[in-house]
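First chain written, first letter: the chains are A, B and C, and each begins at residue 1.
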């Protein structure tokens, strides 16, 4: 009986997934178990590992929660701005001739081919107190503006870096969308706004959710943008994790902070799965 | 009027996307190191760039890892998608959830967890660990590009091929692959782009023994970015955009002759 | 479909072109020495020179931005790194943890050039585990056009009249240390109350600060976008050459003095080749080349003689000896103490 089952697996297409199952076990599951292991232990005296919840308790202490909530707020604002800017772009792209839409969507991916650190550096040079934009303002007779080193500059940088990640998933949902529903709504006498609120928007929910995920998580954990554009006045959660691992060599506490991020990740995965019932990641790409 | 507004909006967003890139390219021809004051036109940084062996090394690492990782991921990911498509609902759900993890998880957490893994198994960090990490985060992009194509496919064709005596491998190659090819290509491209621009995960998994462009640029930041790097990005960018234009023009010419229906969406 | 194929082709072509212009060198039987350096810290001509003179050795140099990152990379199990250039407090830590290989002075032709300087290095007075590569102070760089007066005290960084013209260092020890010096305490204090006072001072200073940063402060000062910044002497010397309005001073309250030394890790399996490289780096002509390139002071008098006279006149590169009298080295701090420093800095960051 058992033998037949095995040979059944070997003959069906399921066998093709075996290498990946092994891969995921080693490179996704095992590393996460290690993170949990580090988060819940500490090296006591004499290099002995001891089980402890101290790291996690510290991660949830007010000092570090301040950083957490501030990061949530900043990432949230950036995500909303990305959504407001990106949604119309995705919509317009999907209404274009396929040829032109293809070229334009490539134009939105293309910047990713240039190192993001460099692009952020370039913004910094442009926005500097003595930078080109301020030189232009002064030439036009305006007072120079201090763009850099403010919370606004951080949001600006986040939006710049992650906007394509909002546009693309929404665009791909629009592409797959059955336009006859919109047609039908219009035929039944719905005006433009009604059509949008009642039909278009609900149908594109999946794209919005995945866009939000693709922007929010990286925005929370970025650490270069706060440094380059924000003048390091504030810390994002990424800065904090980076500092613990690289500057303080506190691997156990750093892992505890990573666990906090993991909780957030799981929350988002649950959200996404709600809109991706077929389980094909359609909402994501 | 409305059309004008739409075009204007798209143009503004594109300017926003490309303004810093334009500035980078222009100032790579600047005589001085400054990105604020134009002091004169010069190829100085380009000359320096071609004499710097460590940059060449970083470019080589970046490109070779992106190529190998995305190809490997495409192979493993495509097979996995074909397999997963036939899983029972429950196990498929588990696999899809696990596949989400590297995509949704914070990059810094992925990077650190992989580093912990390599340390645990005492694998010396360097080129190969960076490659393994890249394959790991590349695979989900392939799987999620291929899975929807598999769903659109008529499941009967594969069975039919088997019934007519084709071996599974042959049937996959001749029946399934052609139908899901667009998904595979998209997946490969996404994987390649992700791998090419990755910083966080490369940084943690190579631990300074090997450097790709991103980690090289990051470490340079201690003393300020050398305009050589601007020159390099300008070259890479122009190469990509030129090839894109050339091929697009060619395909436009071709489509003009026979008025075929657009076959892909 | 066709379009996607074309994009694929583009990528492959681009990859091919990029790969083509990269020089791929295999070690080909040569011994590889992994050298973990600071970014832009070595004249690019130096390594090719070494490899030409020592055809059996290939140097694989990679770079990191901070001592702490260097420590993580160099000390986690299975590291490939052989040679590092940590600063004195990190050398001290590596020595304490027994991670450094002893340097065999008898095999080093050029050790004599640094011998005098080594005696002043309190962390390793016999040069047993490290040889100095560069040294310098952590002082105050200011734009005299913008301040309108000469400055000789850290007080300027806390003066409301320079609101939003002040840059601060974004590093736990440098920033907290600076506040400690201003308060008249040691930069290696283990006293919680002194650290609290320092944190309070830095929180008060925060509204005056335009930006916190590290390396990138250099460019902001050169552009004239800020008036004052604490800065490492090498960066200061570099900035002063690009902007003549900049002045560097070691404030009267004192400052941190640092030495970056070359060390060989105990885990190395190419000790002889690594030692030859370290020795080569100490040759006066090489030290002079590097000093001119990165503007950090060299510990060798023989190298100073070869350096561009203009650089020698620079007070950041070549400070008057009496100014160094009240400068202090960092000492390695235990984990618990370091955490006190971190907490102090975190208070500033969340304020």
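Quick note on the criterion: contacts are C-beta pairs under 8 Å (C-beta built on N, C-alpha and C of every residue); 3 or more make two chains touch, one makes a residue touch a chain.
What you are looking at is a predicted structure, and each value in this text was computed from that prediction instead of being measured.
Just to note, of A-B and B-C, the chains joined by more C-beta pairs in contact are A-B. Centroid distances from subunit A, each centroid being the mean of CA atoms, peak for C. Computed from the mean C-alpha positions, the centre of subunit A lies at a distance of 34 Å from the centre of subunit C.
Inter-chain centre distance (subunit A to subunit B, centres taken as mean C-alpha positions): 16 Å. As a whole-number value, the distance joining the C-alpha centres of subunit B and subunit C reads 34 Å. Of all residues in subunit C, those that touch two or more other chains are 3, 7, 66, 69, 72, 216, 223.
For subunit B, the set of residues touching two or more other chains reads 36, 186, 218, 221, 236, 240, 244, 248.
Within subunit A, the positions touching two or more other chains are listed as 106, 128, 130-131, 245.
Subunit B makes touch with subunit A in their complex at residues 6, 9-10, 13-14, 16-21, 23-24, 27, 35-36, 76-77, 79-80, 82-87, 92-93, 95-110, 112-114, 116-117, 120, 132-133, 135-136, 139-141, 143-145, 147-148, 150-151, 158, 168, 172, 186, 190, 193, 196-197, 199, 213-214, 217-218, 221, 225, 229-230, 233, 236-237, 240-241, 244, 248, 252, 262, 265.
Chain contact summary for the complex, subunit A toward subunit B: residues 11-21, 23-24, 26-32, 34-35, 38, 85, 88-89, 92, 98-99, 103-104, 106-123, 125-126, 128, 130-132, 135, 160, 163-164, 175, 213, 217-218, 220-221, 223-224, 238, 241-242, 245, 251, 254-255, 258, 261-262, 264-265, 268-269, 272-273, 278-282, 284-285. Residues 63, 66-67, 70, 102, 106, 128-131, 146, 148-149, 227-228, 231-235, 243, 245-249 of subunit A are the ones touching subunit C in the complex. Residues 32-34, 36, 50-54, 56-57, 59-60, 62-64, 66-67, 118-119, 122-126, 181-182, 185-186, 188-189, 192, 207-211, 216, 218-224, 226, 236, 239-240, 243-244, 247-248, 250-251, 263-264 of subunit B are the ones touching subunit C in the complex.
Listed in rising order, the residues of subunit C touching subunit B in the complex are 1-15, 17-19, 21-25, 34, 36, 38-41, 44, 47-48, 60-66, 69-70, 72-73, 76-81, 214-216, 218-219, 222-223, 235, 238, 242, 294.
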